[in-house]
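Next come the structures, one after another.
Note that chain A is present in both complexes that follow, paired respectively with chain B and with chain C.
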Partner chain A sequence: MNVILQTIRLQIRNSWVRPMFRFCLIVNPIMNTFFLYMMFLNSKETNFLAYVVFGSGLMALWGCICFSSIGDINRERYMGTLPLIYASPTSFGYIIFGKIVGNTILSMSAIVISYFTARIITRDRIQIGSPGYLVISLILAMISFSAIALCIAYLLMISRKTTLYMNLLEIPIIMLCGFSYPIEILPQWAQVIAKLIPITWVIKLIRMSISGVISVREYCKMFFISTISIVVCILFTWWLYIIIDRQIRVKATLEVS
Partner chain B sequence: MNVVEVKNLQRKYETKKGWVRPKKNSVNTVRGLSFCVQKGEVFGLLGQNGAGKTTTIKMMITLLAPSAGTCKVLGLDVEKESKKIRKKINFIFGGEMGVYRRLSARDNLLYFASLYQLPSSMIDQRVQELFELVELTDKADCLVETYSKGMIQRLQIARGLINDPEIIFMDEPTVGLDPIGAKMLRGIILNMRDKGRTVILTTHYLYEADELCDRIAIINHGNMIALDTPENLKKKHATKDHQTLEDVYIKLIESSNSEFKEGENR
Partner chain C sequence: MKSFLKMSYLDFKGHLGPFQVEEFITLDTMYPFLSLVFYCLLASFAFQTNDLTKWVIGNSYLLCTNVCIFSLGSSFYGERCYGRIRSIICSPISKLQIILQKGFFPCLVCMLTTTLGFLAGGLLFRLPFHKINFGMYFLILLFAMMGACSLGLFLGTIGLLTDQMHLILNTMSFIILIFTGSNFPVTQLPICGRIISQILPLTRSIEAAKMIFTGYDGNRLFELLVGEFIVGIVYLLLARVMVYYAEQKAIKKGTLELF
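== the complex of A and B ==
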C-alpha cells in the first residue's frame, strides 16, 4: 500500500512539472469547453451546458491519460528508469497501477476547469438533476478510466512504438464512447464496439445523473453493467500482466534499442 | 560458497521487420557462458563493446530471460524466482540515465527505498547515510536536472546501495566519474567486499579491474575466453614485453577475434 501511495505522489509531482501535461490539463479543457459550447449553442438540447462541461472535461481527462499514463511508459523507457522499477522487488503491476491512479486523480481536475470555463463563458448555472448520483458516477468513471489505461499501458509495454499507438487511441475512444453525444447516433457496428468499452457505460451513468435519475432501478442496472465491464477489463488486464511480464524479459522492451 | 552459478547461458535477440511477411533476424549475444561467483568476491566481467557483458548482467539481475542454459543467483533461478532474488540484489548502470531528473535526489532515493520495501522507520536514516557515503549531502534537496554527470553517477551508486544488497551488479560504474568520484567508488567496492558482500562488475578500465577484482572473466563474441585471478592471467599470458593486464587482455581478444573470423569463414 505504501508503495502505491508513494508512486501516486511521485507521479502527480512528475506529471505536474511537465509543461505538456499542464497544457493538456488546463488549456485543453478550456478550449474544448469553448468549441463544444459553440457547437451545442443552437442545438435543441435543453441542458446542453452539462454536455459541454462533462464532455470537454472527460475529453481532456482522456487526453491526459493517453499522453501521461500511457505515454509514461515511453518516458520512463527513455529516462532509463523503467528497468530500475521493473527489477525492484515491488510487483511491477502495483507500480503501474499507482502511476495511473495518480494521473487519473490529477486529471479529474480537468472537469472542474471545464466547469469554471463554462461559467465564465455563459454566466449560467449548470443544472444537475441528481448530484449524489453524479458523485458516485464520477468515482466509477475514475475507476473505469484507470482500468482501461492500465490495460493499454500493459499492452504497450511489449512495444517501443508507444507514441504512435497513444496518438491512434485518443480520438477513436472520444468518438466511440460518446463523450459529447449519445452513442445511439453512431452506426450499429460502432455501437457494438463502444459497448465493449467500460468508459461508454460510465458516461451513460454521468449523463443520467445530470438529467436526473428518474428510475433508481434503471440507474442501478446501468451501474451494474458498468461495474461488470470494469471487472472484465481488470481481469483481462491481470491475464495480460501475467503474459506480458514474461514477454518483457524475452523481447527486451524495457529499454530504448 | 557460490552465490552465482551460470551454466551454458545463452541469449538470442530476435527482431522482426515488416507486417505482411515479417523478416526475422536473430543475434546471439551470449553463447554458452559458464562460471561461478563466490560469496564476498569482487568478480570482473571484461570484454569489448558488444561482447555480451551487459546482457549477461541483465540476465543475472532478472531483467532479461535467458534463451537457454541456467542462471542461479543466491541459489534461486532467475527465471522462476525473480521476485525473491530482487529483494537481495541491486545494480548500478553507468551513465546519466536511470534517475527522475525533475525530482530532488532525496525524493529519488525515498522512492526507491519504498520500492525496495525498506521499513518506514529506517528510510530517512538510510537515505541520509547514503548521501553522506557518496558525498551529496549538501545537494540532496536539489533537483537532479541541476546535477553534473558525476553527481548523477554518485546518486546512482546511492540508489544501488539502498537495500544493502548481498550482491551488487555494476555495469561500467565509473563511466562519467571524475578521479575523486572513481576513487570513492573503488573504496565503496572494497568496503562491500570487507563486509562479505559480493560485487560483480564490468569495466573497460583494466587498471581498475586489476586493482579491485579477485577474479576476472574475459568474454568475446559471447564466449568465455579466460577466467582467472588477475595475477594468474598475467602469469599465464604475459610475455617479456607485455606484462600488464591490459597487454594480456589485448592479446587474448586479438587471438580470439582471429579464431572467430576463421570459424565464420569456414
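== the complex of A and C ==
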C-alpha cells in the first residue's frame, strides 16, 4: 500500500512538471468547454451545461490518460528506467497501478476546470439532480478510467509505436462512449462496441445523476453493469499482464519490443 | 523553378521518410476522418439536424490541421533537431524561398486530404453532391490551403525562438477549431472572438465553401477569396519577418540552436 501511495505522489509531481500534461489538464478543458458551449448554445437541451461541463471535462480527462498514463511505460523505456522498476522487489503491477491512479486523480481536476470555465462564460449554475449519486458515479468513473488505462498501457508494452497509438485512441473512445452526446445517436453496430467499454456505462451513470435519479432501481442496475464491466476489464488486464510478463522473461524483449 | 520543385520535393520526402504506410494511413488519414465524423455526430445532436452538409464541409477543411499546423508548424523546429538549421540560415538563398519550398508539397497533400475527407464524409452523411460546382469547390480549396499553409509556416518560424512548440501547435489547433466557423456560425462568438476569426485563414473559405450548397453571390465570393489570399500573404510575410528576427537574435545571443 505504501508503494502505491508513494508512486501516486511521485507520479502527480512528475506529470505536473511536463508542459504537455499541463496543456491537457488546463488548456484542453477550457477550450473544449468554450467549444461545446458554442455548439450547444442554440440546442433544445434543457440542461445543456451538464453536457458542456462533463463532456469537456471527461474529454480532457481522457486526453490526459491517453497522453500520460498510457504513454508512461514508453516514457520509462526511453528514460532507461523500465528495467529498473520491472526488476525491483516490488511488483511491477503495483508501480504501474500507482502511476495510473496518480494520473487519473490529477486529471479529474479537468472536470473542476471545465465547471469554473462554464461558470465564467455563462454566469449560470449547473443543475445537478442528485449530487450524492454524482459523487458515487465520479468515483466509479475514476476507477473505470484507471482500469481502461491500465489495460491499454499493458497492451502497448509490447509495441514501440506507443506515440502513434495513443494519438489514435483519443477520438474513437470519445466518439464511441458518448462523452458529449448519448450513444443512442450512433449506428447499432457502434452501440454494441460502445457497450463493451466500461466508460460508456459510467458516463450513463453520470448523466443520470445530473438529470436526477428518479428510479433508484434503474441507477443500481446501471451501477451493477458498470461494476461488472470494470471487473471484466481488470481481469482481462491481469491475464494480459501474466502473458506479457512471461513473454518478456522468455524472450528478454522488455526494452526491445 | 526546377530547383524550387526539387528542393520542395526533397523537403517533403525528408518529412515523410520516417513515416511507414500504416502510420500514414492511421495518423494522416483515419484519425482526421474520425475527427470529422465525431464533430458531425456532435453537431447532429447539438443542432438536432440530419442535414450535416455545413459540418461536413467545415470539418473537411479542418482535416488540413494535421499537416498545416502540426507538420509545417514543427518544420523549423525539426531542422534544428536534425542540425540543419545553421546551413539554412547561413546559405545565401532567399529565406522566403526556403519558407515557400517547405509549404509547396504539404499544400498539395492538404488539398488531397480535404477532398478525400469531404467525399468520404459526404458519402457517409449523404450530402447532395449534385448541387456542387466542383470547379468552384477546388478554387476555394486552393485559396484555403494556401492560407492554412502560410499560417503553418508562420508557426513553424516561431520554432526558431521557443522550444514549447507542442504547446503552441496544440493550442493553435483548438483556436482553428473554435474560431473558423467550421462547427458553429462565427456570429455566435463574442466580439473579440469575431476579430480573431477574421485574422485566421480558413474562416473565409469555409464560409465560401458553404455558399456553394446554399447558392452564392459572386461578389461576396470574390470578396471572401481575395480576403483569404491577403491573409495568406500576410502570414507568409510575417514568417519572413520572424526568420529575420530569429537571425538577429541568434547573432546577438548565439542561441540559434538553443531556442
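Here, the second predicted complex is superposed on the first by the 250 of 257 C-alpha atoms of A that agree within 3 Å, B and C clash if a C-alpha of one lies under 4 Å from a C-alpha of the other, contacts with A are read in each partner's own complex, and residues count from 1 in each chain.
Here, contacts are C-beta pairs under 8 Å (C-beta built on N, C-alpha and C of every residue); 3 or more make two chains touch, one makes a residue touch a chain.
From a predicted model like this one, the values you see are computed outputs, not experimental measurements.
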item: Fit or clash between chain C and chain B when superposed on chain A; value: fit
item: Partner chain in contact with A:I85 - chain B first, chain C second, else both or neither; value: first
item: Cα-centre angle that chain B and chain C span when viewed from chain A, reported as a multiple of 10 degrees; value: 90
item: Chain B versus chain C as contact partner of A:L41, first or second or both or neither; value: second
item: Contacts of A:G132 with chain B and chain C, given as first, second, both or neither; value: neither
item: Partner chain in contact with A:I171 - chain B first, chain C second, else both or neither; value: second
item: Contacts of A:G212 with chain B and chain C, given as first, second, both or neither; value: neither
item: Shortest CA-CA distance in Å separating chain B from chain C in the superposed model; value: 9
item: Those residues of chain A which chain B touches in one complex and chain C touches in the other; value: none
item: Chain A to chain B touching residues, read off their complex; value: 2-3, 6-7, 10, 13-14, 17-18, 79-81, 83-91, 95, 246, 249-250, 252, 254
item: Residues on chain A engaged by chain C in the complex (per definition of touch); value: 19-20, 23, 27-28, 31-32, 34-35, 38-45, 161, 164, 167-168, 171-172, 174-175, 180-182, 185-186
item: Complex contacts: residues of chain B adjacent to chain A; value: 13, 58, 61-65, 83, 86-87, 91, 93, 95, 97-103, 107, 110-112, 114-117, 120, 159, 163
item: Residue ranges of chain C in contact with chain A within the complex; value: 23, 26-27, 30-31, 34-35, 37-38, 41-48, 164, 166-167, 170-171, 174-175, 177-178, 183-184, 188-189
